[in-house]
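The letters A, B, C, D, E and F name the chains in turn, as written, and every chain counts its residues from 1.
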Amino acid sequence: MTPPLPQLLYEETVRRALTEDLGRGGDITSDAVVPKDARATGSLVARADLRVCGLDVAALTFRLLDPEIEFLSFKKDGCDAARGDTLASVSGRAGALLSAERVALNFLGRLSGIATTTRSVVSSVAHTQARIVSTRKTTPGLRVLEKYAVRCGGGQNHRLGLDDAVLIKDNHRALAGGVKEALARARANVGHMIKIEIEVDTLDQLREALEAGADAVLLDNMPPETLREAVSLARGRCLTEASGGITPANVRAVAETGVDLISLGWLTHSAPSADVAFDL
Amino acid sequence: MTPPLPQLLYEETVRRALTEDLGRGGDITSDAVVPKDARATGSLVARADLRVCGLDVAALTFRLLDPEIEFLSFKKDGCDAARGDTLASVSGRAGALLSAERVALNFLGRLSGIATTTRSVVSSVAHTQARIVSTRKTTPGLRVLEKYAVRCGGGQNHRLGLDDAVLIKDNHRALAGGVKEALARARANVGHMIKIEIEVDTLDQLREALEAGADAVLLDNMPPETLREAVSLARGRCLTEASGGITPANVRAVAETGVDLISLGWLTHSAPSADVAFDL
Amino acid sequence: MTPPLPQLLYEETVRRALTEDLGRGGDITSDAVVPKDARATGSLVARADLRVCGLDVAALTFRLLDPEIEFLSFKKDGCDAARGDTLASVSGRAGALLSAERVALNFLGRLSGIATTTRSVVSSVAHTQARIVSTRKTTPGLRVLEKYAVRCGGGQNHRLGLDDAVLIKDNHRALAGGVKEALARARANVGHMIKIEIEVDTLDQLREALEAGADAVLLDNMPPETLREAVSLARGRCLTEASGGITPANVRAVAETGVDLISLGWLTHSAPSADVAFDL
Amino acid sequence: MTPPLPQLLYEETVRRALTEDLGRGGDITSDAVVPKDARATGSLVARADLRVCGLDVAALTFRLLDPEIEFLSFKKDGCDAARGDTLASVSGRAGALLSAERVALNFLGRLSGIATTTRSVVSSVAHTQARIVSTRKTTPGLRVLEKYAVRCGGGQNHRLGLDDAVLIKDNHRALAGGVKEALARARANVGHMIKIEIEVDTLDQLREALEAGADAVLLDNMPPETLREAVSLARGRCLTEASGGITPANVRAVAETGVDLISLGWLTHSAPSADVAFDL
Amino acid sequence: MTPPLPQLLYEETVRRALTEDLGRGGDITSDAVVPKDARATGSLVARADLRVCGLDVAALTFRLLDPEIEFLSFKKDGCDAARGDTLASVSGRAGALLSAERVALNFLGRLSGIATTTRSVVSSVAHTQARIVSTRKTTPGLRVLEKYAVRCGGGQNHRLGLDDAVLIKDNHRALAGGVKEALARARANVGHMIKIEIEVDTLDQLREALEAGADAVLLDNMPPETLREAVSLARGRCLTEASGGITPANVRAVAETGVDLISLGWLTHSAPSADVAFDL
Amino acid sequence: MTPPLPQLLYEETVRRALTEDLGRGGDITSDAVVPKDARATGSLVARADLRVCGLDVAALTFRLLDPEIEFLSFKKDGCDAARGDTLASVSGRAGALLSAERVALNFLGRLSGIATTTRSVVSSVAHTQARIVSTRKTTPGLRVLEKYAVRCGGGQNHRLGLDDAVLIKDNHRALAGGVKEALARARANVGHMIKIEIEVDTLDQLREALEAGADAVLLDNMPPETLREAVSLARGRCLTEASGGITPANVRAVAETGVDLISLGWLTHSAPSADVAFDL
């Protein structure tokens, strides 16, 4: 099970999401129309099979809107839910439930969407050794939560940002003067707890990277046969990561080349929202 | 042309996006690998036909990372670009360009993605009177920018949040005791500059709403023939909005029923990212 | 009764108010002088007849200063209190009560001041159809709370800000090239949930606005007889709002012209503070 | 001339004021109605005699909305302006000027209102030795600016908050066990740069305070004759401050008792807004 | 006992300290390695004799990371602890305890370090009348807490910042045109609750300051014999403060000159961290 | 030369440092005493030999206080300066220079203090292969800047926070059930770009760690002879880091054991401030 995030890491994000929805006047519809004392219980329900992510965030959303709302989870982040499953039950003032509903669903839909898409890619490479990793192509402001959603989907995180690992891309390589130079500069300038990966576009570059002692190589846009050859060259010497133009349609073929890692930007930038509803 | 947003409305969002990427150590790859004095010029290039949105945001991203970067736009938000078109050229320290690149692209990709998807839906209802509107199903924290992207795509905004218009949904209606009661309460309790829309599920409810003087009705999940009848009942009395289960495949059929508005949540929650690259 | 604001909409405002008072050293007087274990109970008391507004804000003020303080309200926002009435009772560490007192009173005084002034204007137009509305002439940083105070006083809100309705003033009109052009541009460019009001200075402009289908007209600085004529022209076609130079002395006369709305900036920018005391 | 505040002390306040007005959609009226390229020049004009305060704040307001706006001041904060005087001229995109106008005027009106009211009270005690001081009864969030406005009006600041001086009020005194005990505790517990003032309600308490070496005494709600006697007792031993129930009508009489200081909460909590207009 | 600070004054500081440590991924070690349900109890233990400061801050650190952690203090800020003393016991999820441990210790170590250093200096001037005061040479961002730590160590605060007292240094004096001019300008321009201190480098300047009525004089870098003479000149007329080049080695000698105050920047800028450990 | 930090990473920190010093009233001394038009030039001067760090931060401090101040650096962060060297010259309004001086020096003193201490330790292990690394024992709120100061001093960063590498300490190890179990769990649960280090207290534990494939081992509190043996066991298999009880007095001896890394918490938590002065 994916360990939960400390609330501190997303509380401000939830607060901002609520205030951008409440604006300067609050929920004028519920205020005007819903009887003040009406109480209700609603259910967060999966409208399709999905991998759950965002329940704690949704719970906080309701609680920040009204601390007296009770939120009872039936699932945990990182679990699967089938179409029709109730994820959680939420009770309190009817007006408050309706005020918080949309923001809670916006979080749940996006995060479960990423988790579900990730799960699907992960399962399509089952029984290979390939692990699925996400990139820095995340929604601005949601890096922490989207990386967490990928983990809930069974994927792994590549870098969380620019400062936790070295990834030498084609432009860096060119500006440094080649594979060997780039790797030498990296090794000389970063701390001992930092891993170094380099993008290579040809097998010659790969050989140069292996000699220079890269921790991992990013094999960009290589056809399966080249990937296979690269994997065989790198075996036991460094990790191999395939990247570029990989889709659900071809991910299995890529995995079968024996690469250690497959990274896909669209896990975070283009995964469709999962369909979760709030039934009162 | 869509009027630009004041920078004040997104500056904090850009700052947060950059700092979540830079972390505590900054871009350790560029710092270690790229020669300090190297200067470069890069191009933001459309990799597919798209409706541009986010160029001012991208410009600010580069400028906040390094005020000496020069950003020259060749397009404006709300314009079309063809595959291969250069959207802007960016010059400065090579290391700084590479540090800001990903965040700038994350904004451009998401916002142009929404604008492009919106444009496509708008054009598929051409020559009907239907206008395409977005909902509150936006990415948490990006409401301002995503609503702007919808406008850039030729769509219109429904409510920006909970406080700028009344939208009485099924749950509100039920809690208030029916269409008439809900509309009466709304009318009595909100200011004169607030429009009131109500969701109706049947033609009977529609008739009740028309009698009670709604400004607009949300026709939820109605088949085209019912929509057509509803439009005919409402003609000249209030605006009609179709919603629920509308996809690119059926949006034209819905538009041809004569409804005034069609709202689609997936413009904002599930539009795929547009493909924009940064070529150095 | 005015529906309460979600705490989220003013918590940051209360926090800022407390920290600007506590500074870097806290309440050095109470710390130095009041015995540490002394406990006390204080009462928030109306020193004059008033319309209550700000009790939840005051409660939060005490609670943020010291979560162990108990705050017991005897009134609710939007109720009337007579001189001498106790609004709430507050118990806890004596030093903490004294530290929070001033900020709590600053909120209560200002918000009840606006509510009380509004109530007085509202009651002076009783039995006319005129509703009293506030403007955007609010105290910087307190828009949310002051608009709420107007509602507690029985008034209604005009726009909450620049983005929730269109109000075409004289300068906009002139820059657009006249009443008709301005209204046409507005109609073409804003969403279907946005109402459009236009300022008119003459009856000719009013006729032009009526023809162009404005939702409301702002009748600026017109003498009662002209207002009366304007109301008669606009009847059944659009809402009429009187504005400019309206004071408690003449508001009744304006209301008797039959206008739908009367807006007064001084409800928010010049209402005197209500007299509330904290008696230990 | 009052020294200007560093911009850092109010920039966040201006930013908040603008964003609460712009909301999530910006100025939809100007965006829809004003031709995009229209440029204009406007004047900030005094509609009544006033003491100017807030011009730098207004300038920043326009500049934060649009950095290309030019703001040219003809007056400085702390100067007098006569009805009809132009305070500043502002040039730039017409739409931007109209978007920032209201927030700039809200600052100018409130701050000049406080400065003007203060000036008027100060001048009514001319040729006495009494100085006019403000209290902590300021608008939440605007402490820094309102204290500055009092200085611009010729008044002086009492405490800026709870931590820069000791003011022992009646409740503190009672909880400490009397005048002498309270002063002893204060003296023992605060640093050498902190002045200590104590509220006294009777001449006996005053004598006790003088013996105990207070730096200043707050003479609360004393009639002029008692004040006079108090002043005579305190002469040369400590500063005397009159407070409570002081109005423009009786402030001169109070000043003539010889007190050193007169404090009035309504300088900040109830001063009416000054009338400043923006003429395009 | 030093009165505790309101939590409001440091909550944001604790939140920032935790988020800069948790980054974007949280505590990946505890998440990966520690069994999810493991519970533990840890002790905060003094590894050396020290003056305790920061226990409330440490408690908040644990609580913000996980509200279910229980923190039980055995000491209070401002008390002494001997090597080996347990300061507090902390129970909860083992992973959460380990995640918060370092930040809590960073606060405790720094604040107790300052308190302990201050205590030591204070005790080395025992039985003189000299009080030990800190300066504005504090760690950026920690002014509130470090000033509090000095108070916990038995020292007193000089100014908390630039706005709560006047301290005329050599440069101010020179720019104003001398001691007398500087003091006259200060007296004329600040409020009645503000004390005025001036730096003097010679006995002549001291005499000038005494005549001009300074509240205190800063005797900068004077040898003991000159200090003694200065004290004798100033006796009964104003407070005397020694400053500059004072170390633990010579502070006693300085105190014995009879000065009222001794200020030392290194209490805050160079005090070594106190040794506190967290034993599980 | 150490690559500079993007300003975005410390701008908020500088802003907070300035506002905590300016308080609510600004620099009342300079405002009262320094002639408004006086201009001056000051020099930041090293009062002792030091490694420079914080000049960009100091420059920003002056500029945020007054954008018209000119700051001219003669050194760069990461350079050495000798006693008496001028680091930078600062020109502008005399009052503004004096207002910003203290905060600028507080940054410069602390950061150069850490850099200077680090340099000194680094040079005392010259010609060994040991690299000096800092820990997470940094000042709350200053992690980014203090880690940068260590780099300027020639040291390297260990983890920047809890999320960029795995460091299994004794408590983690015990809770996981031993060295092997802890390493297995870590390997299974973190991404491929994350290095894993484990603390070992005995040579047996070291052997277990080597077999389990740790990337690095933390050798805690081992005497030199044991360290030497550990280094010999680990050679070519994983990095070795010595830690615990290491002081300037014994660091050379530790380095000569052949360890790859030596970590010292006091580089950041107890380094004395460097002596930098601002001479006008």
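Operating definition for what follows: contacts are C-beta pairs under 8 Å (C-beta built on N, C-alpha and C of every residue); 3 or more make two chains touch, one makes a residue touch a chain.
Since we're looking at a predicted model, the values are computed, not measured.
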**Request:** List every chain that touches both chain E and chain F.
**Result:** A, B, C, D
**Asked** Comparing residue numbers, which of E-F, D-E or C-F shares more than half of the contact pairs of B-C?
**Response** D-E
**Request:** With over half of the numbers shared counting as same, classify the chain C/chain D interface as same or different.
**Result:** same
**Asked** Measuring from the mean C-alpha position of chain A to the mean C-alpha position of chain F, what distance in angstrom results?
**Response** 32
**Prompt:** What is the distance, in whole Å, between the centres of chain A and chain D, each centre taken as the mean of its C-alpha atoms?
**Reply:** 51
**Complete:** Residue numbers in chain B touching two or more further chains are 20, 22-26, 31, 99, 143-144, 157, 160-161, 163-165, 190, 194
**Request:** Make each chain a node and each touching pair an edge, then name the shape: line, ring, star, complete, other.
**Result:** complete
**Request:** Over in the complex, which chain F residues touch chain C? Could you list them?
**Result:** 20, 23-24
**Prompt:** Okay, in this complex, where on chain F does chain A touch?
**Reply:** 131, 133, 156-160, 163-165, 190-195, 197, 215-216, 239, 241, 260-261
**Request:** Spell out the part of chain C that touches chain A in their complex, as residue ranges.
**Result:** 1, 3, 5-6, 8-9, 143-144, 147, 157, 160-161, 164
**Request:** Going by the contact rule at the top, pick out the chain B residues touching chain F in the complex.
**Result:** 15, 18-19, 22-26, 31, 36, 64-66, 95-96, 99
**Asked** Along chain A, where are the residues that touch chain B in the complex?
**Response** 13-14, 16-17, 20-35, 38, 40, 94, 98-99, 102-103, 105-107, 109-110, 113, 136-144, 160-164, 166-169, 171-176, 182, 185-186, 188-190, 194, 265-266, 269-270, 272-273, 280
